[in-house]
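Each of the next two complexes has chain A plus one more chain, namely chain B in the first and chain C in the second.
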Partner chain A sequence: MAELLLTPLVRYCEIAALWVRASTTYRASFWMLTVGGFLITGVDFVGIWILFHTVHSLGGFSLREVAFLYGGTGLAIAIADLFVGRIERLGSMIRLGRLDTMMVRPVPLLIQVCADEFALRRIARVVQALVVFGWASAYVDWSPGRVAMAASMVVSGSVIFFALFIAFACLQFWTADSAEVANAFTYGGNTLTSYPLTVFPGEVVKALTFVLPLAFVNWYPSLYILGRPDPLGFPAWTQVLSPVVALAMAGIAALVWRTGVRHYRSTGS
Partner chain B sequence: MPLHVSIATRAFRRYSTYTAATLAGIFTNCVFGVIVCFVYTAVWDQSPRAGGYDVQDALTYAWLGQAMIMTVAVWGGGSPDDLAERIRSGDVALDFYRPVGILGWYVAADLGRATFHLLTRGIAPTIVGALLFDLRWPSGPITWLAVAASIPLAVLVSFSLRFLVAASGFWILDSQGTKVLAASAAVFFSGLTVPLVLFPGWLQDVAVLLPWATFLQVPADIWLGQRSGLEVLAGLGLQLFWAVALLAGCALVLRTAERKVVVQGG
Partner chain C sequence: MGLIEARGLSRTFTVYKRSGRLNRTRTEVRAVHDLDLAIEPGEMVGYIGPNGAGKSTTIKMLTGILVPTGGHLRVAGVDPSRKRRALAHRIGVVFGQRTTLWWDLPLRDSFELLQKIYRVPSDRFRTNLAEFVELLDLGDLLDTPVRQLSLGQRMRGDITAALLHDPEILYLDEPTIGLDVISKGRLREFLRTLNAERGVTLLLTTHDLQDIEALCRRVIVIDHGTKVFDGALTELHRQGGSTRTLVVDLVDEAPPISVEGATARRVEGPRQWLSFPADASAAPLVAAVAAAYDVADLSIQEPDIEDVIRELYSRS
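Let's look at the complex of A and B:
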């Protein structure tokens, strides 16, 4: 059992290491891409900071609390993007026939697709989110329960974004050039959860709880960590549900991936 | 001139081939438009005259931003990406031999692309935004005319910047890094992250004069009527200044590069 899980991970690391060596060849470009990756998500937070020059709170939350939410969701998507983000390019792999090549290799297909062109520079986004998260954390009144909740939040949040990346990329098995639909849910979801959900109408929050459970990425765990009552009056136990939601999402994503691969009949040209 | 028109027409057709991609992009623009609108509503509820905008201005600005993302290619892309690839592969050496200027060719191709993106990814989200929220429209035919003049100027400024980024490949081979750095500057200083009118003090004074201000802030202020009379002309003048200055820069860089080009393997 352990081997069944471990071998694919080892394969992933091997392929990733190969790409890391390749990408450091153009040294100047590698560093510019890394700094650029840091800046391009960094300006989002500078944007929030500028908004707070005009207002003192957003949806009833202070800058530090918003930073905590921003850092939480930012870490989750950055980790997911680092490890499985390349799946966005599934459509072009199909078009170029590279997916067919991967299918005959003795490594699980999903591992190959996600490790393809693994880009270490994406770690810049993780660092950027970590900086904001670290700054916001300094103002949290920590207790053992809250620390545990924070750890569970980052892991579950990453798994939820893992699942979203994979599930929405599978659309490309049916329409190869629809990659951008996924962006609305992954990056859109990230932008949405960067703000306190009190900014949005109640219906949106319900949709993010029951339909597309993005609220479990950072919102419910953060309410617990920041010691805030649920604005919509959901029971306190929703705040500990994130790991369950993450597991369910991962299961759904695996199912969608299987269906997609079974449906796949090559490009035919 | 007819040559350049046909280059532009073909670039337009090239982008119009991918219907699913266009629809997917419009959907994504709309999702982001809605998200930004709720955030801006929360901000302007507390501070109803922030940056000299009222809430209706702010919501309109949010949708104009979505409309301009692809039209001016804030994140990069368009015909300069083709140039970057030809520099990397060495094919650009052939371009220098052709009896058509390189710059004119790529300008025409990018204007064709921008026209397609304006008609699809510009107009469609704006209509969706207008159906969902109460937006402000240009106040009269003269304002519409000024907006119509402002958009192609914005495209020209953005084209020149993207062209210069691609041309950096002549010296460092792989222009991916410069492209990402330029994109983060463009996203922030165009006012896409937050309107430049909300920037604090000196940062705003500087930002409104930079070339990126011509991407979104200038056309939006003309549209919203924040600029009137001579201020409209000043806005268009700023755009024209950057377009001419940066295009001249592109021409200069090309002349320097021409002397430097070595065909790979030769």
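Let's look at the complex of A and C:
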């Protein structure tokens, strides 16, 4: 079992490392893109911060608490984007025949697709989210249980976004240009979960719990860490459910991926 | 047991065509239909057919890229689409029209990445790379990014890339397309050596009959997804009734040349076109013509593969 998980991971790192080495040839452009990425995502949070100059709470949550939610989901999507974000290029890999090439190589296809042209500069997003998350964390009343919950939140959240990236990218096996549809759910979803869900109508929260379970990325675990009862009356055990949801999502994504690959039609020549 | 075994191999594609504003009609296209193949280790087989005949679809099924919609298929003892990764260690694939290398990486980095991907032991990798770099004359190109290579250089790079992990089977899809005569010749020479010294089984699709003549004793012809011929090249010529043409430029105009084993098909001033069976040697014919007439120049036209296939197909 350990080997089943570890070997693909090692292969991923090997391929990614080679791309990192290759890209450092253009050192100046690497730093420009990294710093640029950091600033662009940074502006994002500045918006929320400015908002708090006119209001004192958002949906009943303080700036620090909103920052905690923002950092939680931001960290999860940034980690997912860093490691599997390349999959949104699946359609073009199919068109250019690159997927055919990858299919005749002995590394799991998903690993190859995700590690292809691995770009370390995407780490800028991770750093930005980490800064916000770290700043908010300084004000949390930490206990061992809450620390464990925070660790579980980041891991489960990343896995939920991993699964979404992969499952929605698989649409491209059937329709080549559906990358935007995937973005609506991943980055779009991340925008929603950057705010306390109390600002949205109850239907949105239900949708984010039962349909597209993004509320498990940061909302429910954060309620536990921030020591808040669920404002919408969901039972307390939903707050510890994130790992289960993450596993289920990963299972669904794997199934969709396998189905996509077996229905793959390749291109004409 | 054969290295490649297919019985009743089929692949259909469902194609939706627009008919009217909203309606779509669903049609089944048979890319490959009821194909039987048996290829033994060490063979060099030419797989030919017109465009859209199903060559690429077959190769994609043999490599595990496409899942067959029917029939039985075993390559090196495994079902390719189910054991794609295990099979990958035992096969090499070269797509003539597109590269399997990475555009932005120098050849050397591409090869190193492949070493990692295939887990080629370092010493084996070094020996193989040194050998292929030598044979394919890649020494000066190792530090050039792939996007800066010419078509011929890239093809040599691609072939090296497909062979670094010592595959038993090498599939080549149009390997000589777009190459000049000298490059074609060297590539064929290399493939012959590869087959003779390493015992690599070769399956190549091509439009160039000379590729087949230079390399393959056996030819499989596919048309409309079905096998129409499987046998020796000479037999293909015989069955396809293909002819070669000797173009004779005489010093003076003359009545149609009459020599044994050839017929004058066309006369145009001092130039005459004589056709003779493709499997016969041109040498005695040339000697006979030269002995009887004042010849200014001679040339030979090879039969066109498309014509041979068309002829074959119209008879079957």
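By definition in this document, the second predicted complex is superposed on the first by the 267 of 269 C-alpha atoms of A that agree within 3 Å, B and C clash if a C-alpha of one lies under 4 Å from a C-alpha of the other, contacts with A are read in each partner's own complex, and residues count from 1 in each chain.
As a working rule, contacts are C-beta pairs under 8 Å (C-beta built on N, C-alpha and C of every residue); 3 or more make two chains touch, one makes a residue touch a chain.
Only a predicted model underlies this, so the values are computations on that prediction, with no experimental measurement involved.
Student: Go through the superposed model and pick first if A:Leu6 touches only chain B, second if only chain C, both, or neither.
Tutor: Neither chain B nor chain C is touched by A:Leu6.
Student: Please indicate which partner A:Arg265 is in contact with in the superposed arrangement: first for chain B, second for chain C, both, or neither.
Tutor: second
Student: Quick one: classify A:Asp100 as touching chain B (first), chain C (second), both or neither.
Tutor: After superposing on A, A:Asp100 lies in contact with chain C but is clear of chain B.
Student: State whether A:Val244 touches chain B only (first), chain C only (second), both chains, or neither.
Tutor: neither
Student: So, A:His53: does it touch chain B (first), chain C (second), both, or neither?
Tutor: After superposing on A, A:His53 lies in contact with chain B but is clear of chain C.
Student: Between chain B (first) and chain C (second), which, if any, makes contact with A:Gly36: first, second, both or neither?
Tutor: A:Gly36: touches chain B, not chain C.
Student: Which partner, chain B or chain C, touches the larger number of chain A residues?
Tutor: It is B that touches the greater number of chain A residues.
Student: Between chain B (first) and chain C (second), which, if any, makes contact with A:Phe200: first, second, both or neither?
Tutor: A:Phe200: touches chain B, not chain C.
Student: What residues on chain A touch chain C, complex-wise?
Tutor: 11, 14-15, 18, 21-22, 96-97, 100-101, 103-108, 112, 117, 262-266, 268-269
Student: Can you list the chain C residues touching chain A in their complex?
Tutor: Per the stated touch rule, the residues are 13, 56, 60, 63-67, 81, 84-86, 88-89, 91, 93, 95, 97-98, 100, 102, 104-105, 109, 112-113, 116-119.
Student: What residues on chain B touch chain A, complex-wise?
Tutor: Against chain A, the touching part of chain B is residues 18, 20-21, 23-25, 27-28, 31-32, 35, 38-39, 41-43, 46-47, 50-51, 172-181, 183-185, 187-188, 193-194, 198-200.
Student: Any idea which chain A residues touch chain B in the complex?
Tutor: Of all residues in chain A, those touching chain B are 26, 28-33, 35-37, 39-40, 42-44, 46-47, 50-51, 53-59, 175, 177-181, 183-184, 188, 191-192, 195, 199-201, 204.
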